[in-house]
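Each of the next two complexes has chain A plus one other chain: chain B in the first, chain C in the second.
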Partner chain A sequence: MASLTMVDLVGCASTSSNASLDRYLWRKTLHSSVSQRAHGVRRSGKLVTCRLDSARCRSISTKSADTLPNGTPEMLLNVKRGQISLGTVFDVVADDLLILNQNLKSIVGAENPVLMSAAEQIFGAGGKRMRPALVFLVSRATAQMSGLKELTTNHRRLAEIIEMIHTASLIHDDVLDESDLRRGKETVHQLYGTRVAVLAGDFMFAQSSWYLANLENLEVIKLISQVIKDFASGEIKQASSLFDCDVKLEEYLIKSYYKTASLVAASTKGSAIFSGVDSSVAESMFEYGKNLGLSFQVVDDILDFTQSAEQLGKPAGSDLAKGNLTAPVIFALEKEPKLRDIIESEFVEEGSLQDAIDLVQRCGGIQRAQELAKEKAVAAIQNLECLPRGSFRSALEEIVLYNLERIE
Partner chain B sequence: MYHQSTSLVEEQHDPFSLVADELSLLAKKLREMVVAEVPKLASAAEYFFKTGVEGKRFRPTVLLLMATALNVHLPEPIPNAGAPMAAELRARQQLLAEITEMIHVASLLHDDVLDDADTRRGIDSLNFVMGNKVSVLAGDFLLSRACVALASLGNPEVVSLVAKALEHLVTGETMQITTTTEQRCSMEYYMQKTYYKTASLISSSCKAVALLAGQTGEVATLAFEYGRNLGMAFQLIDDVLDFTGTSASLGKGSLSDIHHGIVTAPILFAMEEFPQLRAIIDQGFKDPKNVNLALEYLGKSRGIQRTRELAAQHASLAAEAIDSLPETIDEDMQRSKRALIDITQRVITRNK
Partner chain C sequence: MATLVKLVQPPCPMAFTHQPWQQQQAKFGELQRFRLINPMKAAAQSSSPSSVEVSQIKENLYQALQGINRGIFGTTSGKKSEIQELLEQLESQNPTPDPTLNLHKVDGCWKLIYSTISIMGAKRTKLGLRDFITLGDLFQIIDVAESKAVNVMKFNVKGLNLLNGQLAIVASFNIDSKSRVTITYRESTITPDQLMNVFQKNYELLLSIFNPEGWLELTYVDDEMRIGRDQKGNIFVLERSEERTDL
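Let's turn to the complex of A and B:
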């Protein structure tokens, strides 16, 4: 019964201005969390096939909607949700992701066994495939607008390219950060040495450049090339401002854009371009990707403080330890001058890192960073308003919310 | 063999001098780009784009000469439209030369990290001076800039060509790192690896220059063949010089290949005459006794000579490609063609 109602809800071109808000309120009232949806296994598949069909629309109790002054995205954030599982959110593009995995393996596998096993290390290390999923979701959502029946080869290639670039950056990042662990497994360069890590990264990068070139769409080529430039810029920006307590929030956001959001924004915009939608829609998708990416990075930075090593898959507080000052720290520095001294000492003293972490938590650095993450999340959801309501748009919204749930 | 205009004073033109001004502009531009965008990498920029260290800017020279040699002249009726279009074309070809140089330098930076090299061109390598991380970062930085510049050219075929060359660079390096004993002793494998590591970039860029000039089919292929053969000749001589250095005799070279366990053409040829070399190669060259033994065999064999002969063959093929270009009465074009041929000779007669 519950899932049937959900199906209707999702398919409903609701009379209220915020179908997504309705849905979340329903969840709350029906106590049917998304994890229950996951429980229904292939039931969630039904959500995929549910079409926007106003004839099936039922005017669900809009009582709750009426009592809320504005059905704004902000309200979304204040509603208590159940545990969002990314696996479920990505259900609507599960097949696309399967095909992607196969293609990636054959692209990488076509070459050298040493490189292949190095790439396996990364590809097999519990990655969420978030970026390709975003490509597929935005592709499908925008395809609906332009009347495309199926995803094109370009769409799929774009997703593969994005994942390869992302992987290349991770591999080099680990060399640059001298990280030994990623997602709980040893890094490529820890296992195989710097040589192979650099080479594997270069290889992924070269492969993606080649596929990118073959897309033969200059706008997308330029878009993605810019990302590659941004990666390097971000890395450099970070490397040159370690332990620099004068770093401003603005600079942090720029660095975060370069390192994280740029790729996401290019993926979502590229998807829209290949769907052939209006440039204004493509721009909105860019903004969505950018805001999501920034929100994501801020949350990552918060978790580095709040999670344990086990949960992180790498040592806690490692950003701070390396002198990489992120949002929580930047906010805390505004309140607590003592923190500056500790940081500038570069943690030579035993226990000083823990002191710094405690200080950050005590003077509300975490909280303000959470606000920042929410701010970007709200913006991201607003960017989705040009998309048709449906399972894909909902999934895109849920990704934003999933991200925030990580810090609740 | 080549008839210079009798009104000109007979002079041995240094092919590099024909494009010297453009070259120094290029170096300056690259240096400034790095310094402006990434002050931290300023010393890296100095390092690689400083005059004197840059190895004569071989690739950009070839590319700029090729650009002149392939000049397409616009029909008379539009005399004024000609100049700005020609200038724009030149700018794009210069950009391509910059891109090629950025990719080349990036690959050197990464190579040095991969090889744990202490010196490059006789001075401390960047990674030795500043650590692996900066080298990786500097390489990534240059590569990313090259990528963006490439995209800005707005020519998908050119983008494809250069992207492929980039992939070849990596593949070539991989081939070098992960050879089996069987592959190490194969001339075919060696030639393939050499194409990937050295010739691919220059041949693709030469072809790209032609494509940018609107040349297609045969001319573009000739440009490609020139680059390919020139690159192969260059590497083969490099391999010889690693053994002979500046003297004609063996053992005065840096011998870095053999010490890294890299088996090159001279040794491969020698092995054809002395199969016993195979066992030594398989044992590896950690033991200096093996190095000396290999050098002995090499000295007794025609390995060095045969490598030089092969290089000369490639140089000749490169010259032929230029000869096969359409005839022209334009003096600049003629001069550039001669310079390109001159380079094929210099590549095989050089001592360093």
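Let's turn to the complex of A and C:
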């Protein structure tokens, strides 16, 4: 059901990245395979025009389409179904990811058979490996700039460290949330008990700290250590503002940064550091990671409202039920004071949670959250401008779009 | 000093009609359920035709109060209405329409069993009453001799060595009418110090929830139970308590 969205990303401020995006997407259209429901190799596009100046923006996109060999503007506007598959996006770093998987299993499993099974469980199927993929993509894209021929061991280690930290946080999150399922499989604590889950998470945090120290790069050590600190800060921030209807969007973004974007930003910046590029490029990579991470979190928060229980693997609106007020709710609260009363009552009345969810949708809370996700996505793509054009930069752009597709 | 509950009530005013002794005996049996039975008082009360009704309403009330933690952390509107109705039924059978002329009846230690005050949403989160701190019993000790009322809120902090403590709010009261008093806040203390540290940041919030200031209408008073309605529209239902609360 997802469609490839031609996001008219930058409005009219910077048409260059807009045009390059269109050209890139057309190339993808011509070369990549599509799902059965699409017609031939053409992928559909739905222009989502910016608020600023829709007519002008649309015509700019059309112009760039004109310069391409095989397309007409109409094809951009026809809504035919296609899909960005992360598999194809990560094609360019597929080998790197394979090596990563093997290394991870041996690092975690070596100590203890129970840990090995837990590692199998969590590293087995399901994980998208998005964060390590980002490390590899940014590494390779920035390596081109500094004349590096091949990825260094530091790059690979960084990717492993990042994935371990991410996984450890997921295992602990599942314990805290008392979740039974993660990615359709039973959670570690469901299978092995809380004790093993806590220890497995601790073990991975500890291992990653040790590997991190051995990278012997102070800037990267500080960067990643900050992330582990931020994880905790994010959880605490969230716990201390449950059911607080006065929470501002700014606070929500800070919390989302701590919980999600911090790790992504550290991954992308760390990769750039190990490639030896300019600090300004490293900063741009940090911003890319941060904006991508925020966009990602906002999309997750939207899906909690819009997806069904089967799709989510847990009841819909579970964030709201717990008192965790996310972007759609924060926007809806600005419009509808009744929502405040329902939230303050902690949904004790039968059916009040569903009433709240309906209210959020009716007040355009979802729409405004979608705009926020797109805003961050636009910023992320802008951050990539310092990178040389090529398959790696394109893949980084596609990850941003893939994320937005989830809410189209 | 907290006044202990007096088990033997002084002779009560003859507000009740007399009934044959046999009938009194039968009714006395029914009242055995409640803890602080004073045979003399029970006999006097059982001479009222509505005392069976009252004990039935009380039974229904205790039934309705099961599992809702005194109503403080959220009850459905259905449950609230149910309890409201039972309380109104009790109030219509109030055996003490002039409690301020019989202050000995309210003197002593009482424990809260239901209230419409609620600690929910952001307030509850800010006070740490979600996972971190548990609200224990709430007591009210009334000292008629000194026209003083002390509200004691017990708290229990998980972790922190299972810290137990309390917030004590001291207030004085003046009689307004035969059933109404006005309460004036005097002072409050949190003990021990570790608990004070925990509530430091949100002390004002805590006080605003439990501050008894304003008038209080005593709408039902008997030997075991008391109902009050305050200026803010809240209802308080308390039962007589034997527990010593060290202040």
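Please note the rule applied: the second predicted complex is superposed on the first by the 328 of 408 C-alpha atoms of A that agree within 3 Å, B and C clash if a C-alpha of one lies under 4 Å from a C-alpha of the other, contacts with A are read in each partner's own complex, and residues count from 1 in each chain.
Definition applied: contacts are C-beta pairs under 8 Å (C-beta built on N, C-alpha and C of every residue); 3 or more make two chains touch, one makes a residue touch a chain.
Every value quoted in this text rests on a predicted model; they were computed, and no experiment measured them.
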item	value
Contacts of A:203 with chain B and chain C, given as first, second, both or neither	first
Which of chain B and chain C A:92 touches, first, second, both or neither	neither
Contacts of A:218 with chain B and chain C, given as first, second, both or neither	first
Chain B versus chain C as contact partner of A:323, first or second or both or neither	second
Which superposed partner A:381 touches (first chain B, second chain C, both, neither)	neither
Contacts of A:235 with chain B and chain C, given as first, second, both or neither	first
Broader residue contact with chain A after superposition on the shared chain, chain B or chain C	B
Contacts of A:373 with chain B and chain C, given as first, second, both or neither	neither
Which superposed partner A:343 touches (first chain B, second chain C, both, neither)	second
Contact residues of chain A, present in both the chain B and the chain C interface	239-240
Contacting residues of chain C [partner chain A, same complex]	74-77, 120-122, 124-126, 130-131
List of chain A residues in touch with chain C within their complex	239-246, 323, 343-346, 348-350
Chain B contact footprint on chain A (complex, rising order)	111-115, 172, 175-176, 178, 194-196, 198-199, 202-203, 205-207, 209-210, 212-214, 216, 218, 221-222, 225-226, 228-229, 231-233, 235-236, 239-240
Complex contacts: residues of chain B adjacent to chain A	37-41, 110, 113-114, 116, 132-133, 136-137, 140-141, 143-145, 147-148, 150-152, 154, 156, 159-160, 162-164, 166-167, 169-171, 173-175, 177-178
